[in-house]
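Take a look at the structure set out below.
First chain written, first letter: the chains are A, B, C and D, and each begins at residue 1.
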Amino acid sequence: MFGYAGKMLEVDLSTQNIKMRKLEPDFAKDYIGGIGFNARILYDEIPAGADPLGPENILVFSVGCLVGTPFPTASRMEVSAKSPLSNGFGSSNSGAFLGLRLKGAGYDGLIIKGQAQKPVYLLIEEDKVQIKEASFVWGRDAWESIDLLKARHYGAEVLLIGQAGENQVRFASIENGYYDGFGRTGMGAVMGSKKLKAVVIRGSKPIVPADPKGVLELSAKGQNLIKSASSYQAFCSYGTMNATIPYGGFNALSVHNYSRGTLPDWKQRAGRQIVDIYGSRHIACQSCIIACGHLAEITEGKYAGTLVKDMEITPTVSYSSNVGLSTEASIKSSELCQRYGIDMSSSGSVIAFAMELYQKGIINKDDVGYELAFGDDDAAFALLKDISLRQGIGDILAEGVKRAAEHWPGADDYAMHVKGVEIPMIDPRGRWSTWTLGILTNIRGGDHLRCRNPVEILRYNENLYYYQKERFGFKKPMYDRLDMPDDLKSAAIDLENDTVDIAVMSKWAEDLINLYNSVGICIRPPVMETIGPTILAELYTCMTGIPMNPDELMAGSERTWNLMKLFNLRHGEVADDSKFPRRFYRELQSGNIVDEDKVQAVLEQYWQVRGWNPGTGHPLPETEKRLGI
Amino acid sequence: MTQKRLYHNASLCNGCGICQLVCTLEHCRQWNHYQSRIKIVNDTERNAFYSVCCSHCEEAPCIMACLMNTIYKEPGSDITVRDLYHCIGCRACELACPFDAAVFDVIQEKVVNCDLCGGRPLCVEYCPNHALTYDYPEDQADKNRNQAASQKFGASLLEVFKFSGKEV
Amino acid sequence: MRIIIIGNGAAGNQAAQTIQNRDPEAEITILGAESIPFYSACALPDYLAGWIKRDQLFLKSSLNRHRVEIRLGQAVEDIKPDRQAVTAGGELLFYDRLIIASGSRPVLPNIPGIGMPGNFVIKSVHDIDRILAHNPRRIVVIGSGNIGIEAAETLEYQGCKVSIIEMMPRIMPRLFDEFPAMLIRKILENHGIEIHTGEKAQEVIGNNRVEGLITDCREISCDAVIWAAGVRQNTELARAAGIEIGSLGGIKVDSQMKTSHPEIYACGDCVETSDLLTGKPALCLLWSCAKAQAEVAARNCLGEKIAYPGALKLVAEDAYGKPCMAAGLLEEELNKKELKIIEQETENTYHRILIENERIMGIQAVGSMEAMGPLLYLMKKMVAPSEIKRIINSPVLLKNMPWMLTIDKYLQ
Amino acid sequence: MDTRGIFIDYHKCVGCGTCEMVCSLVHENACAPALSRIRIVRYRREALNVPVTCAFCEKPPCLDVCPVGAITKNYETGDVSIRAELCIGCRQCTQACPFGHMNFNAAQGTAFKCDLCGGDPQCVKFCWTGAIEYLDNEIAVDIKRSSFADSVMQQHDK
């Protein structure tokens, strides 16, 4: 089979059974790869009501089908399981070199079932797969464990959990090498519940494309397209730090657990200039031509000697604004999160939540053991350690804000989550946009990464026409270049009034991002702006030899999205879950609240656009039939 | 993954010859370094020791030279093995080997080469200086590359950061 | 692809093996004139001496019998290049590619008494069986090539009285220069083999059975004569099919082992290739050359473009436990321009290296084969001896080529 | 004589591996870094990346150690190349190369090395950081020289 490795590896840790699953061409075409494979496998194989931390849960890693090409940013890999935070579809995406290595070992995916008796790790050396005893790394942090595992298995790619995953902290992450990770929705806890410390992968089989010349030409074309994006230069130099200042300006930041919208010294704390101060070298994932990551180095002061990949918006906003730490402390927090193997967004939210409870007097020093205050880095890091090791109050907080809030009366008001998953970054009260609606509609809960306008111009923050539209600043050339079917383009974008229809755009954006996650490319703005289904369909055909057109590709992505929604519904999601935390509806922030009814109206409109029941958000039979689910 | 092979690090070798002795003890049941499948060559000028051993060439000249077709690649692997039953000891393979790595076994009157002790080379196990290693060729190539790269950045880098995962 | 191979010898089998390794789908037919399976002709003397058993002669083959048809005892009657077919056993067999590996046969001079029982050649297993059945006690070997020497040695080992008659003034005249030849002669003579050089056999005498041999100098009484005075290429089939024959009597092939017909390749003893060192046309009737040529021919058959670098004379011999080897050219074959001969002699060993124009052109050794393999490859690589000095002086290179240290002492 | 060669600025490389992918795609019609002529050594913890490729040495150690003369140097063009049909796969060159450049294709059993894509290196074309450049020797050294001179002058001005 061209393009794909052609098989998936299935490991049952309970029975120590190792099987190969052949990849059927029809399955490959319908579900493309990455998250598509994951959705189908989880939907088919996890029974309703399964315990996310029990042996019935299945952890699936799938590589995007374009991974292995020189097409820019083609490096991503998706991991999915039933989430211990949301009890719905949990999924997370990561890049670096892992996807290529797994494909190079000869597998498109890795399916982990069951539960081991004692700590183990999985060693994959091409066709030789072994389940090995892992007591020598169990209990150690991620970086130490990587060093130990790499010393045993030379040149291997390692994906593993830290102490947080071992202790089944519900928002633990799976770390992918030193600096990258599958952060959100608690995949690390699932891996920890299976007592699987690490997966060590070695292998260098070639991936053979059907039309190598075409792949090369399209990759060159992709490079040129991405380089032509308006945000390309800025992203090359500063990465995601470009977006920190505008959000601060809109009062749309999550500051101190969403009690404020911005910080007075935000510009000094998190502007682009900190990249110049602390950042040293760029770090790229496989085939990436943006290299948005930077190695941050702190040479003096309290955190001297810290060396970590940082200077990205997620840790910066999560720790610098939400917890209120200084810039240097927020860089240090990245290292700690990566070592403990814990999601940066969620852990920041949980710490901020605890700090606010402390401030409000709901918990006190006796509960915690030390004083908590926003901006206190020692307290924040002590709490982070307690959570990761499940000590003291950390044991309660490790359950995530939704479950932790049930412990203390009145704490519910401060639990900032959607469907159990902590919301990072943006405050819809400050700026209402496709992006913020995405937090509500996101399959994996309160998360901002699965729905974003393909072209994001951070210029306006007006709530137009009852939340229905967002003001944009579209320019004609940008409009023309956008790779979107013409009818949809005219429905979504009103060039004359410079507005975007949020409901229509949300569907397109979600499907597009889902497509990216299926083929395995990155959602950095320069890519979103320029790469659409047309070039991806061409590349897919060249790579796999399976004829594919852009419409089929988008339909495949939509199929996956619907499948994930059906998974959530089967596992107990109801329409009422698609609600922001109460704080957004009631508590003024910079004079704004979110209007609950109007948001509900936009949401229902979005459901309608999706072909779902506008009352319940359940996919209609005709939609299921159209997509062939 | 291909088969592991034997590698010798001359900078660690002190020429003790234990490898040769264990090799002969294992294969010839005698303590006689002339019959060893691995040879340690002494460079007296530089006081250094180098090793000569079968490199298990892919298209091995010994296979082509053999008059009896007794040398072949083990099916499914790339290790050169011999079927000594048919060997007539004509020494053509010894002559054909560009590395002087085929050894005439005077006891059996047949020519032999390193068989990697069936996957657990004793010379590696007994090497007191860890000069001999048994490693995948890919890894060895990577290590060479890493070494070259470390030289580019100077030793300072490796001093600042202790071991870290280096890979390609 | 249908490929027919004429000849079930080293070249034929090697070609079949190569084709099968590279294209498992190819249909191969091997046509062998002898009705016995593939065996090693080089081990015949060892069999004669009883050092190996008869079954050890037959080489195991890993050819896939579903794809490879081996027809034994079916001599090819003719080749029809225009129809792409050969006739064997009255049957017409079609091919896409034909590989001729018909080999060679020993030359018997046309002298009186040659047809009598007791005249033998050493070419096939049957010849040895016949010698063993004859059970000779007093033998004359005509010719002192490697076959002759080995035959003499093995028969002597069996307790026979052996004489060698050589036409040229020294033994192994095509392989060794005068001095090493003399050393070998001494070894043989010390073990009781009688050697007469510069003589020519004139007549075999006897009464319905060999009883003696008359040369131009003497008469030797014997009960068997073994003719090992050279071989001739089997080129009759090719000649009849209109395939071009070279000046030395072998089938003419280009560097890809292709004959004058584009679908027909040839390899092994029956072809005439060029010499690796001089580039001149040469015959090289050696097992290793045959295998290398077969490999090249087979791969070119399958559409690869591989060139045969040229034949290199290479003989390893065992004279009563003393290994002897010779490779490359002899002193008399060289132009003698800037000729440098390095000789090293110890009590038991002798090495001779011929260097012409800063190139190693020939190596001969008696008594020890140490470092000869690497030297041989330096000869093939055409490395100047001064380069070896450079390598030895460079620790980086020496680390990878420690055998250079052993070579160094021969080139001082 | 062609004096151009591949020059690598280690400090510009971000380790994206596009060059490896492109190289294997051009030469082997497959996507596999292991089959690439140019390889990147990644110090992942320190985020340092060193692309390693053939230096086309004037006295190539690989040529010297090759037992069969499969590696040749053309002294007119400066090119060092492997004739795959002669290679016996002994891997001596992979050990001899001081850069660890010489690669080995285990499936085919032959060593392989950079051939500069016949004068139009594709890795250079696809390298977006400018870390890999195909320059005339004199120009490359000149760039190096002037950048060093700049740094000296800056120190001086301070």
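Here is the rule we use: a residue touches a chain if its C-beta (ideal position, glycine included) is under 8 Å from a C-beta of that chain, and two chains touch if they have at least 3 such contacts.
The structure displayed is predicted, hence computed values, not measured ones.
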**Study point:** Most central chain, judged by mean C-alpha position against the global CA mean
**Key:** D
Review point. Given the two chain pairs B-D and A-B, which is bridged by the higher number of C-beta pairs in contact?
Key: B-D
Review point. How many angstrom between the C-alpha centroids of subunit D and subunit B?
Key: 28
Review point. Can you give the whole-Å distance between the Cα centres of subunit A and subunit B?
Key: 49
Check your understanding: At what distance in angstrom does the C-alpha mean of subunit D lie from that of subunit A?
Key -> 37
Exercise for review: Starting from the mean Cα coordinates of subunit A and subunit C, work out the distance between those two points in Å.
Suggested key: 71
Study note, to complete from the structure: Residue ranges of subunit A touching at least 2 other chains are 177-178, 204, 307
Review point. Mind pulling the subunit C residues that touch 2 or more other chains?
Key: 374, 377
Practice item. Return the residues of subunit D touching two or more other chains; collapse runs of consecutive numbers into ranges. Key: 33-34, 42, 44-46, 48, 67-68, 92, 95, 98
Review point. Inside the complex, what are the residues of subunit B that reach subunit A?
Key: 1, 135-136, 138-139, 142-143, 161, 163-165, 167-168
**Study point:** Contact footprint of subunit B on subunit D as seen in their complex
**Key:** 10, 33-34, 39-46, 48, 50, 52, 67-68, 87-92, 94-95, 97-104, 106, 109-110
Exercise for review: Show which residues of subunit B lie in contact with subunit C when the two form their complex.
Suggested key: 10, 41-43, 46, 48, 50-52, 64-65, 67-69, 72, 83, 85-86, 88-92, 94-100, 102, 104
Practice item. Enumerate the contact residues on subunit B facing subunit D in the complex. Key: 2, 5, 7, 55-61, 78, 98-99, 137-138, 140-149, 152-153, 157, 161, 164-168
Practice item. Under the touch definition given earlier, write down the residues of subunit A that touch subunit B in their complex. Key: 125-126, 128, 146-147, 150-151, 154-158, 177-178, 202-204, 307
